[in-house]
Every structure is written in C-alpha cells, then in structure tokens.
Amino acid sequence: MKNSAQHKKIVSFGEVLMRLSPAENRKLPQAKTMDFYFGGTEMNVAASLAYFGEKTQQVTNVSNDLVGDAAIAAMRQFGIDVSAVNKVDHPLGLYFLEVGSGLRASKIAYNRLHGSFANITPQSVNWEKVLDDAGFLHWTGITPAISESAYQTLKEGLQVAKEKGIAITADPAYRSNLWQYGKDGHEILKELVGMSTIFIGGVNEINEILKTDFDFSKEGFIAASKALLEACPSIEKVFDKIRDGVSASWQKIYGRAWTGSEYIETQQLEITNVVDRIGTGDAYAAGLIYGLIHFDDQQALNFANAACALKHTILGDANLVSPEEVLEVIQGSTGGRIKR
Amino acid sequence: MKNSAQHKKIVSFGEVLMRLSPAENRKLPQAKTMDFYFGGTEMNVAASLAYFGEKTQQVTNVSNDLVGDAAIAAMRQFGIDVSAVNKVDHPLGLYFLEVGSGLRASKIAYNRLHGSFANITPQSVNWEKVLDDAGFLHWTGITPAISESAYQTLKEGLQVAKEKGIAITADPAYRSNLWQYGKDGHEILKELVGMSTIFIGGVNEINEILKTDFDFSKEGFIAASKALLEACPSIEKVFDKIRDGVSASWQKIYGRAWTGSEYIETQQLEITNVVDRIGTGDAYAAGLIYGLIHFDDQQALNFANAACALKHTILGDANLVSPEEVLEVIQGSTGGRIKR
Amino acid sequence: MKNSAQHKKIVSFGEVLMRLSPAENRKLPQAKTMDFYFGGTEMNVAASLAYFGEKTQQVTNVSNDLVGDAAIAAMRQFGIDVSAVNKVDHPLGLYFLEVGSGLRASKIAYNRLHGSFANITPQSVNWEKVLDDAGFLHWTGITPAISESAYQTLKEGLQVAKEKGIAITADPAYRSNLWQYGKDGHEILKELVGMSTIFIGGVNEINEILKTDFDFSKEGFIAASKALLEACPSIEKVFDKIRDGVSASWQKIYGRAWTGSEYIETQQLEITNVVDRIGTGDAYAAGLIYGLIHFDDQQALNFANAACALKHTILGDANLVSPEEVLEVIQGSTGGRIKR
Amino acid sequence: MKNSAQHKKIVSFGEVLMRLSPAENRKLPQAKTMDFYFGGTEMNVAASLAYFGEKTQQVTNVSNDLVGDAAIAAMRQFGIDVSAVNKVDHPLGLYFLEVGSGLRASKIAYNRLHGSFANITPQSVNWEKVLDDAGFLHWTGITPAISESAYQTLKEGLQVAKEKGIAITADPAYRSNLWQYGKDGHEILKELVGMSTIFIGGVNEINEILKTDFDFSKEGFIAASKALLEACPSIEKVFDKIRDGVSASWQKIYGRAWTGSEYIETQQLEITNVVDRIGTGDAYAAGLIYGLIHFDDQQALNFANAACALKHTILGDANLVSPEEVLEVIQGSTGGRIKR
Amino acid sequence: MKNSAQHKKIVSFGEVLMRLSPAENRKLPQAKTMDFYFGGTEMNVAASLAYFGEKTQQVTNVSNDLVGDAAIAAMRQFGIDVSAVNKVDHPLGLYFLEVGSGLRASKIAYNRLHGSFANITPQSVNWEKVLDDAGFLHWTGITPAISESAYQTLKEGLQVAKEKGIAITADPAYRSNLWQYGKDGHEILKELVGMSTIFIGGVNEINEILKTDFDFSKEGFIAASKALLEACPSIEKVFDKIRDGVSASWQKIYGRAWTGSEYIETQQLEITNVVDRIGTGDAYAAGLIYGLIHFDDQQALNFANAACALKHTILGDANLVSPEEVLEVIQGSTGGRIKR
Amino acid sequence: MKNSAQHKKIVSFGEVLMRLSPAENRKLPQAKTMDFYFGGTEMNVAASLAYFGEKTQQVTNVSNDLVGDAAIAAMRQFGIDVSAVNKVDHPLGLYFLEVGSGLRASKIAYNRLHGSFANITPQSVNWEKVLDDAGFLHWTGITPAISESAYQTLKEGLQVAKEKGIAITADPAYRSNLWQYGKDGHEILKELVGMSTIFIGGVNEINEILKTDFDFSKEGFIAASKALLEACPSIEKVFDKIRDGVSASWQKIYGRAWTGSEYIETQQLEITNVVDRIGTGDAYAAGLIYGLIHFDDQQALNFANAACALKHTILGDANLVSPEEVLEVIQGSTGGRIKR
C-alpha cells in the first residue's frame, strides 16, 4: 500500500468534544479554572495527520453557538478542512477530566449523549462529495455507540467509501457505558468492521466482535487476527499495541501486527513522566495511517508506536508532533537533547 | 411580615448550573482556560441568603459524577444545606459565557435541557420533610420551563408550602428560548404565581402572565400590580427593579414596589465599572427576602436594591456580601474607602 | 461600489507580529508571564474581515521555526488563507506592550527591523497568482517603512492590482521611528497612495503626504480631501475617524468621509471601559472594506466606526466580532443586555 | 474494634493553617502569585475522613477576619462540621512552602506562634458537648507545642474523652522548632500519650517519649511497641509507616503495626512522580481511623498505607480520595487505567 | 530647598509587608491563588523614589526565612539599598486584601503585630552610619504604632537626623486599630512631628495631633497649618491632598499646601478606572520628596499630586513610574495616546 | 587556588536574553500566555554565584526600552552589580522554548543576532575599571559567536584580565548555528582559550578547538586534557561533566577533571523528574568557580556537579540555590525530606 494514497486526503468522521480539566493534577473542588481542549477520538486522528503534513477533513456536527464556533476555529488551527462541518441547535458534547498521577487513575465524566453529534443524520452528510478525492476514511467504535442516527450516518459513509475503493481504517473499541439506544454494540461493530480494510485493535477487540476467547500471547494474537480476516474478508491487516502501565505516570508500549501474511512487532518504548494519556490510541492510529501511506508495514508499525509514545508527552487530545520527531524516536534519539 | 419568619430556613428549588467563562473579556477562541462557578438563579438566592446569615436549603438534582460532587461541595462552601440534593445519572446543566464590555453585550450558550435537573421528578423530593421548618420557598420562571417533570415537581412543592402557610416568593421571568416541551409558558407561570405570595417582577412580567399591556410608568406599574393582585389573590406585594443600562460596564438601578396599599421606591444606584452582571436579579431577590424577614417594606426594598447593586461588583453568580455591606450602601457609603 | 466585489477575496500584505504583554495593567518587572497574540496592522484587517465572513488572504513572511508555525496556526484559526505565507530563516517580528490605564499611557517596544518580514523580497511573492481572484488589496504605511525590499514588494503588488482593476485600500499612517533604511517616508507614501483607490486617513495623513497645512475642522478635512483627490487622481474617497481620548480607558470616536462628492459623518460612540486599544484603527479599516462591499458610503462609514468602537472591547490585535454585532451597535443597542 | 464506632463522629482538635506556595516548583522570588490551601495536620485528618463519608468535626480557633471566614468556608466545603470553631481577634496561622523536586528538598517557613489557635483556651471549648456523640478524638504532637493554653485545652479534651470511653488516636510527632513556651515537649507528649488508646508512630516517636534507644528493625519496632504499651497502659495498638525517600519526587512506603498481640505489615507502595508530599502522614492517620472503624487490623493497616500513598498524588494538604479509590490500590490496581 | 539635597540618598524607615490578594476582584473563598507584592508605606516611598532615579535606602527588619529573602530580593529589584536590612527570627508582617470595586469597598486583614519589624530595636540600627550621606529621612505614623521598640528606634533615628540637619518628612497618619502596646498614639505622634521638618498631612492629622477642631475648608487648612507650625516649630511646610471618592473605581484628587508663607494648590486629577488604590498616599509622599529636591514648592506639589494620580493605575503597593510620566500628566497629557 | 580570590568579585561578560516559554509542556499553539525569565549563559553564572553569596558583576548591553529596564531589574533582583550595563537602541535578544518531556526533546528558536549585545563594542566597556577588583572573569563560546564586535570586546577584556593576573574561566562550547559573521569559530575559540586559565569542557570541546580526535573514555579525556595544556599553556586545569540522558525528564551526571597533575571524578547524581534543563551547564560553571574559591579541586568538582544536578530542579535559567543546599547533596541528602 506504500505511497499509493499519498496526496489524497484522509476523511475522519466522528464527534468533536470539548475537554475540560482542572490544571495540574487538581480535583475539581480544588480548582477555580479549567484548561480546555477540543478533541474527539476521530478528530484527534485528523489533527495529528494534519500536523504530519497530510490533507485531512473532519465530517461532524457542532453546536450553533459560541462553543461550536470555537470548535471550528480549533480544527482550522490544526489545519483540518472544516467545509463538511454542520452547525445544529444542540450543545457540543464535552467531558470533564480529573488527571490522575502515579497510582491514582484519571477520571472522566461525559456529557455527550444529547449533543450536536448525537443528532447527526445521514441526510446532513454528502458522502459522495466528501469522499470524492479521499484516500482514507477513518472511524472508531465510539461513533455508532452515540446514537442510532450516528450509526446510520457512519454506515452510509462506509458504503460509499467501499464503492469508491477507499481504504477504511477501523478502530472499533467497545465502550460499554455508551450504547444506550437499544442496539447490540458487538453486532453493529462486527457489521461495520466487515466493511473496513484496516483493523486497529487486538485480541480484546477481536474477542468482543467475534465472541471468541483468544489469549493475549503472540500466538493468541496471530490466531485471533486470522480468525478476524476469515470472518471479515475485507480486512487486510491487523495493527495492535500492547500497553504495560506501571502507573498513571509511567507507561510502556509496543506495537504488533498481522500483515495478512506475517507477524511483526516493534521495540518497547517507555514513558516515565507521562504528561497526558488521553488520545494516545488516536496518535497510534494517525501514525499508522501516515505509515501506511509512506512506508512498508514494519516501518508503519514503528511509526505508529513511536507516535503513540510521543503523544504521552503532549498536552491535550491531539498529537502535535512532526514526522521528523517521530522518526527520531524510532532511530533511538530519546535522551532529551535540546534542539536549538 | 417583619421578623415573622426569622430563624426559619429558606428553601430554594431549582437547577444548579456550572458556568464556564474565559477570563477577562476574552472570546472563547482566545482562551485556553475558563473560570468556572456554580450558579443557577434559585441557588444564587440561597447562597446570598446564607452569606446574610440565614439558614437555607437547596432542593435539586445533580449529576452522579465528579461534576455533581463539586457542585455539592460548592453549595456546602456557601453554607447551603445539601441534604435534599439527589445525584442522578444525567450530566449537570451548564452554560458558557463570553463576558461583554462597554457597548459589546455578553453572550451565553446553554447546555441544560437534558441535564440532571431536567430529569427531576416529584417522587424524588420529600416536600413534606423539606418544608417542615421553612419560612420561605423561592422559585423562578426558569424551573417550569426546563421540563414537564420539573414543572410538576415545583407545583407539588408550592401546594405543600401553601398548605403549611409558608411565604412563597415568585420570580416568574419568562425565557422564550426555554419552554421546549410543548406547554404554554405564560399559562403555567400564571398558575404558579396564583399559588405564591410575593411577586418579584414588574410590568413586563405581569403583562406576560396576564396578557395585558400596561406601560412602564409609575402609574402603569401601579395599575399592573393592582391587576395582578386581583387576578392572583394570594399575591400580597409586588417588588420590581428598574435597570438603565448605559453599557455592559455601566448600569443604574432602582427598586419600586406596590405593597398592596402603597407605592414605594428607592434611590437610584449607579455602578460605573461592572465586574459581573450575572445573578444581579437573584441578588435582588435574596436581598428582598432578607429584608422582608428583618425590615419593613421600604427598607426591604432598599436592601434588595443595594444588594443588587453590590452584586455587580462580585465575580460569579452568587452575591457574596454581608448584611453590613448592604446597609452601608443604603446609608450612602459608596466612595470606596478601604476597610482595614 | 456596493456589492461589486462580494465573493471576491480581500488580500492583505504586511508583517505578522507577535505581541507580548503582561496581563492586567502590570509593568514588565511585575510579571512572570505574558499574554501573547498574533497581530500586525494589515493581518488584523484580514482577521476581522474573515470574522465578518469574507474570504481573506495574507501575504507575508514568517520565521522558519516554532514561532512562525504558531503564527500560521493563528492565521488559520482566524480563517485567513495562508497559502501565500513564506517561511524564512529570520525571526518573526514582535513587540512588547505595557498596557496603560486612565491617565497612564500604554508603552510599546518593537523588535521587528531585522525580522522575517523585513527580509521579504518581490521575488518571493507571486502577485499575479495571489491577486487573480481578489476584489481588494489592503496596505498600510507600516510596510514600506520596514525595509526597502518590503517597499519594493508592496509597490509591485500595487502595480499588479492596478492592472487588474482591484480596489486598493491605503492606510498610509507615517511612523517616524520606523523608516530607518534611508528613504524619505513621505515621498514613498505619496507614491504608493498615488496607486490606490480608497484613502483611509484624515487631515494629518494628508498633510504629511502633501506637505500641506490643513486644519482639523470639517472644512479643513473637506479641503484636504479635495487636495488629495487632485494630487492622487486614482483616489476616489477619503475615510477618516476622529478620536477624543478622555483617558487610556475612556475614548470617543466618530467617522467622517469625503465620498468624492459629499461630506458625511457618523454619530459619536463612547467607550468608557476600554479593554484593548490596539488594532482599533485596523478594525475601522476592516469595517470600512466590509461596508464598501455590502452597503452605501454612509452605512459603510457607520459600519467602520461601530466596528472600531467594538474593537475597544476585544482583547488582542484583531476584531473578533460578527457583522450582526456591528449592526446592533449602529442601531443603538449599546446597553449591554445579555444575549442568551 | 471493627465497626464499633461506625456512625459516630470523629472529632479533630488542632490548628487550621493557610498554606501559601508558588506554583510548580518555583522559588518565591520567581513568583508573582501563590497557590493557597487550608490545612493543618489534624484538620487534614478530618477532611480525609469526611471524604471517606464519615461525620467529622473540627475544634479550633480561626481569625475574626476575611481569612478566618475563608478557612471556615474551606472546612464546610470538605464537609467538616464547623459548629465548634471560634473566631478570635488574632490572625490565622499560615506557612509558606517552596516545593522541592528530585534531590532538592521542600522548604517551609511558619507564621503561627501568635495566631488564633495559639490563643485558644480551655474555656472556649465545650468538650462535654463536642464529644457527646463522638467515636474518636484525634490529636497530634503539634498542638501541645504551639502554646501552653493549646496544651491545656487539649489535655482537658483528652480527659473528657477518656471519661466517655472514646477512642483517642495520638500522632505525637515531636517538632523541635516549636515548643518555645518553656516546657519539655517529651514530658508533655508522654503525659498525653498516656491518656490515649491508639499510637500512630514508630520507633522514633517511642524513643523520643520514653527516652529509649530502640533500633529501626522489625525486632526493634516490636520491642519499642511493647515498651510503650507497658509505659502507657491505655495504648492498645501501635501503627507505624516506613518511608524510603529516593528523592523528593520518588517515595516508597509501607505500614507496620503491633496490634497488642502480633506484628503485621503491608506491601510496599511506590510513588514515582510525587505531586504533593504534605499531609501524607495525616492521610495515613485518617486511613487508619477509617480502617479501624470498618475493617480488621490488617486491612486497616493496608487502608492506611494505601491512603497515604494516594495522598502523594493529590495537591494540597488534605487527601481528597474515596474509600473505593483506596481499596483499588490495595487490590493492586495501580496501572493508571482511566475511569470513564 | 530646590536642588539642595540632590545626589544625597533618601532613607526610609519602616515595615516591609507582603500583600496577598486574590486576583481580579475575587473574594478569598472564590480564589485558589493570590497575587502577592511587597510593600509597606515607607518602603513604597523608597521604591517610588528609586524609580524616579534617586538613591534610596530602607532601614528595616525582615524574617530570617524564604519570605525575608524574597522581600530583600524585591527591594533590590526596585533598586533600593538593602545593606541596613536585618534578618531576625520572626515572621515577616503581611496583609490580605480583597479588592473592592464600584460601591464595594476593599477589605484588609493584617498579620503584623508580632512580626520581624515589630521586634526591631534601637540596638540593631546604626543610625550614624545609615544617615551619614543622607538628604532625607522619611517616616510615617504606622511605625511608632507597631511596637514600643519600633517607636524607640524611630525616635533615635530622628534625633540623629536632626543633629545632622537632614530633612525629615513626616506622614503621621493615625491608625486606631494599631497602637496596642499601651501608649497614647496622639502624644507620641506629636512628639515625633516635633522633630520633623516637612508635614505630609492635612486638617485631619493636625486635629488628631493638636487635639484641635479645624474644619476642612481652605481657611481651616491654613489656620490648622499655622497652628501646627506654631506648636512644632521645626515643621516648615504642610503638604496635603484632598480626595473625592466617587466610588472604589473612580477617584478625584488635588493637592494643597501651606509653604510657611502662602497657600498653594493644584488642579484636580480624575481617575475613572482605578487599577489599585493601595499606596497612593505613599506615591504622593515620594512625589513630594522628589519635587522638593528638584523643583519649587508649587511644582513639587503638582508633582506629588500627579504621582499620586498615576499610582491609581499601577498594580501593587509601589508607584513604578518615571519622572517623565509624571511631568506629562502635569502638562495635561492624560488622553491615553500609546507611546511607541 | 583555595580561598585565594575570596572577597574579590567575579565578572561575567555576555548577552542577557529573555526566555519565553509556554507553561507546562505546551506547544506554542496550545498557549495564550508564556512564562518568561531573564537568562544568558554568562549571566546565569553571575546569578548563581550571587546566590552563593559572592560579589558578581555583569558586563553587557541591554535594550533602551521597557524590556531592557526589566532585564536590569532582574539582575538587581539576583544581586548582580549592574553598573557596567549599557542601554543601546537595539532590542534585547530573546529565545522561545517549547519544553520537552520524556522522549520528546525541547525546542529553541533564537532572536538574538541583531540585538543589543550583538552591537556591543570595545569602546563601550571600561575593562580597566570593571576588572579593577576582580578575582575571576568568566566567558563562554557563545559571546564570540554572536558578532565580530562582541568577539573583539571579549578579547580586549581577556587581555586586560591577563595583565591583571585575574583567573579566567572559559566555557568554550561551539554552537554551529551561530557564527554567521564570517569567521572560523574554532580558530577564534582556540585563540581565546589560549588567554584563559580554567577550561570548562571536555573531549568534545578540546577536539573542536585542537581539531583532534580523542575518544570519550577516561583515558581519552586525560590525553585530551594534556594536549590542551600543551597547546594552551595558560590553561591550568580542565573540568568536565558527563551527562547520560535517559530522557528529557531523567538525567544522570557526574564530573571529571584533570587538575594538571591528576585525574579526579565525582559520584554520579540522578535526576528522575527534571524540572528545567536549561542552564545546567552554567550551574556547573558557577559551582566550579565557587568551589575553586572555597575548596580544593576534588570538592570544587563535587560542588560543581551537585550544583549542576540541583539546577535540574529549578525553573528558569539561573540556579537559585544556596551553598548549604549544594553541600547537603554532596553529603548524600537527596531523599527529599522537608526542611521546616
């Protein structure tokens, strides 16, 4: 797939959320101000790819008020094309984050199930036009969990993309506390994965979708990947990352993949002073897409893993690093020498 | 009514909102942090009365998450009894504020119509217990506009209060952009005012409820008040304030009232460097309730007006001043001499 | 000229500066942090017009480092087209501002004469392409004062614009502490005004350019305008604003113009609590351009003056208001009523 | 003792201090603002227990000014009963903290020896009433060191508690730079420990009080504990924690205890990115009291140690964590997985 | 006196205080951080004079801890000679300020009566050496009110200064809430004024010292001044300022003086958007001393009044303006034109 | 050399820079404010030595504007003599810093090559006077790289110092991205080292100057040092530090030296939670100079290494620690015990 989609845009579909968080590691009652960022798992991918120099476009709804205007301005600042963003009379989704540290976990409280994105409809997105010059369409398991109309809108997009032969990257994490509109999330995720080409996930996600019971060993991962490719023939490759959390402030990660024909993996990277854990998976996905466009599978996986590692050092939801910074980490330059 | 309710608690029923606002006069895209406060028109009244030294209790729902916990902590900090606050699995209502200045108006964007308070039900409030030792019950026109169940819960509270002979203060402002659940707001406000004893509002509010057309002159106010007392016999007195806005930063206010038998008014107070306009009406209501407990009608009106004026100098939604500070303003001490 | 250029983009040429300022009214030794904004007199015009909904493009150089990247991101956030921005190996220009208050004036210290824009060259701008679909080209007297190559680059742009029949707005303020490269600023400004169509300035600027001595009365202004139109026949109209500074915190402004055939003026607007004085002239220029596109001369002047007044309430260099907000001020809505 | 005191309140007696600290790791001359928190070793215990859901009451003096009002509001926010807090005409005690990092130690400067608490008198506390429905009374070695009248007030409280059979937790750390009123601190601490039931401390504290010379080994600790129980027969159990400080930012802790009949200890917990070291001992004490109420001795010790570890991740003096968070750490969930 | 003392240093004797204040107009419970400044009425005079370019020296005690070190660093930053500052084992005095606005007054809470300066002794100051090359010694009525030893130390300094023929400026404001060590403040102030040469104060201060009852008219002021010069023959001139406080945010001031032979006064200056009211009297005193050195009495009074007016626009306790800025205000440049 | 120069001042010559940096680990587009500090490699040495209690003087140019005034105030605050600082009409040099973390490196963008220091000339420094009572003159490789006139000014200073027998410490790091005025940096550095007495640097710096190729082993270092002493006979000793960067947040350092007759080294110190990496080399130099004055070579090296380690925990460019804190680290007190 190397370079094949270069110069084509990457389309990302999903909710844009405002994140609100007391500074430092404060608990909410200890704060009088909150930092805020605009994020959202799919938009984070678009933002990171824009910082990598790719053309990206976000398809979403925002609120028709001062918050929605600021969300659009934030996407423009990242360099994301906002021409397919609609403004509707529902508030923007948001979440509150109390940042953990060491052995204390971070906590999140969401306010998104009646927001502007939950009210998106297939009628409001012109998928034919949006996907006209696209090389990739990216989606995650969050979107179909928000509302039935969000699921339908996504499904329509995948169908159009499939017809156009566009690469579809699926990050189908299952979040049990979403999925409140009465459908079986596992079934829907399986349906949507069945329309996709790249699977970003591992044994856990495969077990959820296929209702299997593979273990987390290398062998388990290979077996699970093969089972997925059999069950969902459009899927070509499976890219996973393995996280070893020493504490909220100290994480180790490496990537592994089944390319359809062989197992590959990366070295483990270690982040001893985590700045921000949010969006690290999205950084992996963005790194992977960039890698698939520019490199072979092994280097794409290296790039995804190093991008994910770097995101732990970046505040906010999006991974604001350059391809050069990622490549330097791959090449082992992790000692913190100042760049003058 | 002087002193009759002293030592009895004041119960306030309504939504607690988080307010989020960029510091200074920033527009949202100019900010990376927001100040936040907990407010809500009825809770502001309770908070101000608690600062005046009264016993107050808030009846409300908050979210069952870190935001709801912080809202409860904020009420406790104000000194409000939170034993009748329920935690439910819906997000706390909130609003965003861009603070205007001079000839630029402030802007607000709400996120409240599917929040924890909108989901309050009559079953969740034990009005008999809550009102057992109460001297006042305070409500505003916001509450019945949020949702039908909020309206029903309020109505039940007013009935219990009426049976117990508790003074009921009504601040029935009509907000047209609420009232989305299909009922006629004017009708419902009239019904609820018909169960109350003190009317906090003026010609505008009376015209809305009675569908009359009184003018804003002194005479118009007196005629409107008389019409209201005729249409809603439980109402004993009408307390109004007149605002003259030179700009967002420069406001003039005075109070006027129909006591049932005579017209009274206060001197005009001028605030040339407004710090925060939000909650000034609630400060008036709190000042009025305090005044009705401790003073005669004229001094109660003076107290309400001076409390309202002082709120323009206090950040946040609630009026954090002492009775002594209000009385000093009434006595003309407005020159800004430092208190050491 | 009403509506003629609608839908065509407005091109702005000039330096993008970082502004650094201690918060509140602090002096620099009283601060440990500074607020920063990206501005620059011409870019401020582009930003304001982008907020008005117009297509705008900035032609400039920025530094090839993290500061230049942030400048580009800031322009993207405003909604300005940055495709004609070059990155060069010279630092971005910047200035420090200590914000005055009341009878204390603000102070500015510049660092711009060896920056990225001072090193712009005619070779680095493809004026033919940039101006291909433009309706307006905007320049100010700052640009030719920075460096000889900046002057040459501007001159070339004006020639191309003239050939294409594009409206050229000139804001030729003379700043004596610039102009350090050995040329007579007055001569150069006269040459460049002679290539322009709209003159934004008044008696002072005309006297500087024509070396005349008109007084500041209405009659003086009319006479000066006529003299300018005679000396520079390409100039069609003269738009001026008159400022009466009570103090750094209290300003009064009104606009006046010579339309080529008649004298018009606006009401005076008063800003009693100035938030930010910087960029108010640029807000006037942006309002004027918007007005010339959408309205007749009188309303264009009203719009320019009200936009200028509103800028006094906005932090930073650019005027982040909507056309609706400007129109409301023109219609007299200046009392600071909150917009919910 | 398991569950025996459940539902009874815990009374804490001691000074409430304002802590003032430059943000981040700044030295004071590098700062223009300071963060502030209200703390005090005994109040920290009450605050933590309130967060655990227990009823707590603080007995103390605060200043009769705006600072004392804020201290009361802070205690209310924590959920502490403030009905036994007196306001007196002496300033609130306070301390300044420069936060260390890595191999640089934190520094504290106190201003407390003439403050409102130093002026507390036995006459101002109604111990009979305060302790009427109490299950625990908590004190530390700071209180009798502040002033003779503070010592006398404490002693009277211990006598009343003893008569009522209330459990008395003693945290008798000796601080040599206090004790300026002319008494032998070791003697007084021994006297007060002799009136208590639970000893929170270890070999060091026992050696200070008994003027013995036990070593820090497990055997030394057991021997010291036995010696203490012999010298102070009211003491039933000894709970200690062992800290291994790699640096100001990296700490290891475990708990050990002599239950009167056996030696128990916990696993060691490691905090690699310390957020705030202050109040970790108080978090241990609060965890212990909670554990003694709800669990057996081993689990109480586990709870105390895990609560102490978690406090290292919380800003400010008080340990704002829930019992669920503590239990999760005991169960080994320390990898920093986000709670959504 | 014009120019006579030029190039000689001005010595200021008094307490250095840390001021702690929530930002904006927050009340303390609304804040989590406080701004801080180092001030103190006499040090403010030294700081302002240092900014005017004069050599100044502060004689004082500070705490022997991190706070005292920061106080010394602050004085060094102002440019004040700190070689006569002693470090003692008592905490630095401090005060808390809640900043008022409009009709709400500012509030101050002090913590100074057991601080490092209250413990100053005559033995710790080598007045002979300090005053060796001094032209002025400045004192205020705060110092003798703090403690008896502070009073004795001041008295000794005045005696030495008198012997050396140094000009002594007295600002003998009487603060009733100080003076807690058992002496009659009015008597002591009269004694000390009797050793001084320049009286900074007016009818109020003279009435307090002489126990007279002059009124506040021009005639009353002249009569009071004459009475003072008769009672205290060392006093040569009396310099007063008259404040008209519209509100905490809007102040008007003018100066008046009795030169020994004639009455003079200044124009009134108006500050409509007060930034900081603290230290405005000290700015007047510093301006006066500078004026007495460099100008005649009328211009000295003008300078004092304009310096005082400018201080209202400067955050913190000290007046950080240049002589040029003061002279511009005297010359009528108060319109807020930006200085580039 | 022990104690020989005690009580003599240390003169430092070089540029004072403003450092501007988004707080926390933010990227510039994520920030609206920046922290700022005054630094500069040579001034950092002076500041650290002033904090150690030494008399220090900075010879430099600053801008003749509000920024230059603030730079002077910052130096005064550190306690540095500023009487040889000139103000010139060129902007102060500055740099922007994005602070890295973990495996992400920090990034710096400079704006200094046309600043006030680049315009320094030999005529503007009175070296005879400045060096009259000096014990040390300190310079680094940055200064001769800025501009030819800066190089000439430095050279003249070294000549005067040499004549006076003053110890000259050279920190001749070669920065390739400076040196834009057309001279061979290696040649010039060799010339200037040839005039110095103490070499602060290691194999890398020696190889650059001598164009040799020694390796980094202990043996390589000794051989390189001997070669340097042969090539530059005025050099008496070589002091090096070895850094092992685990990541931007985790560093290990130790010192080694060739004393002219023997090899010495220190233990390795580890900083696991780096607060600020900038200026750590300058802290080493300052520690070394202090050590050379007060201790023997081994302890001087220990002191330099421990000072360097402590700087990693201090924000800003200068090492604000006391000699006591450094000695405690040398003695092994690195466990973070709070100093009360």
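All chains are identified by letter, namely A, B, C, D, E and F, in their written order; residue positions are counted from 1 within each chain.
Keep this in mind: contacts are C-beta pairs under 8 Å (C-beta built on N, C-alpha and C of every residue); 3 or more make two chains touch, one makes a residue touch a chain.
The chain lineup, named per UniProt: A, B, C, D, E, F = Sugar kinase.
Small disclaimer: the values here were computed from a predicted structure and weren't measured.
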{"item": "Centroid comparison with subunit F (C-alpha atoms), farthest chain", "value": "B"}
{"item": "Between the pairs C-E and A-C, the one where more C-beta pairs touch", "value": "C-E"}
{"item": "Repeat of the A-B interface, chosen from C-D, B-F or C-F (over half of contact pairs identical by residue number)", "value": "C-F"}
{"item": "Where subunit B and subunit C are represented by their mean Cα positions, the distance between them in whole Å", "value": "45"}
{"item": "Where subunit E and subunit F are represented by their mean Cα positions, the distance between them in whole Å", "value": "42"}
{"item": "Set of subunit A residues in contact with two or more other chains", "value": "23, 27, 29-32, 73-74, 77, 107, 110, 272-274"}
{"item": "Of all residues in subunit C, those that touch subunit A in their complex", "value": "73-74, 76-79"}
{"item": "In the complex, subunit D residues that touch subunit A", "value": "23, 37, 77, 269, 271-275, 309-310, 312-316, 320-321, 325, 328-329, 333-340"}
{"item": "Touch list for subunit B against partner subunit F, complex", "value": "30-32"}
{"item": "Contact set on subunit C toward subunit E in their complex", "value": "24-27, 29-30, 100-108, 110, 175, 177, 244-251, 272-274, 277-278"}
{"item": "For the subunit D and subunit E complex, residues of the former touching the latter", "value": "20, 23, 27-29, 31-36, 63, 65-67, 69-70, 73-74, 91-92, 94, 96, 98, 107, 109-111, 113-115"}
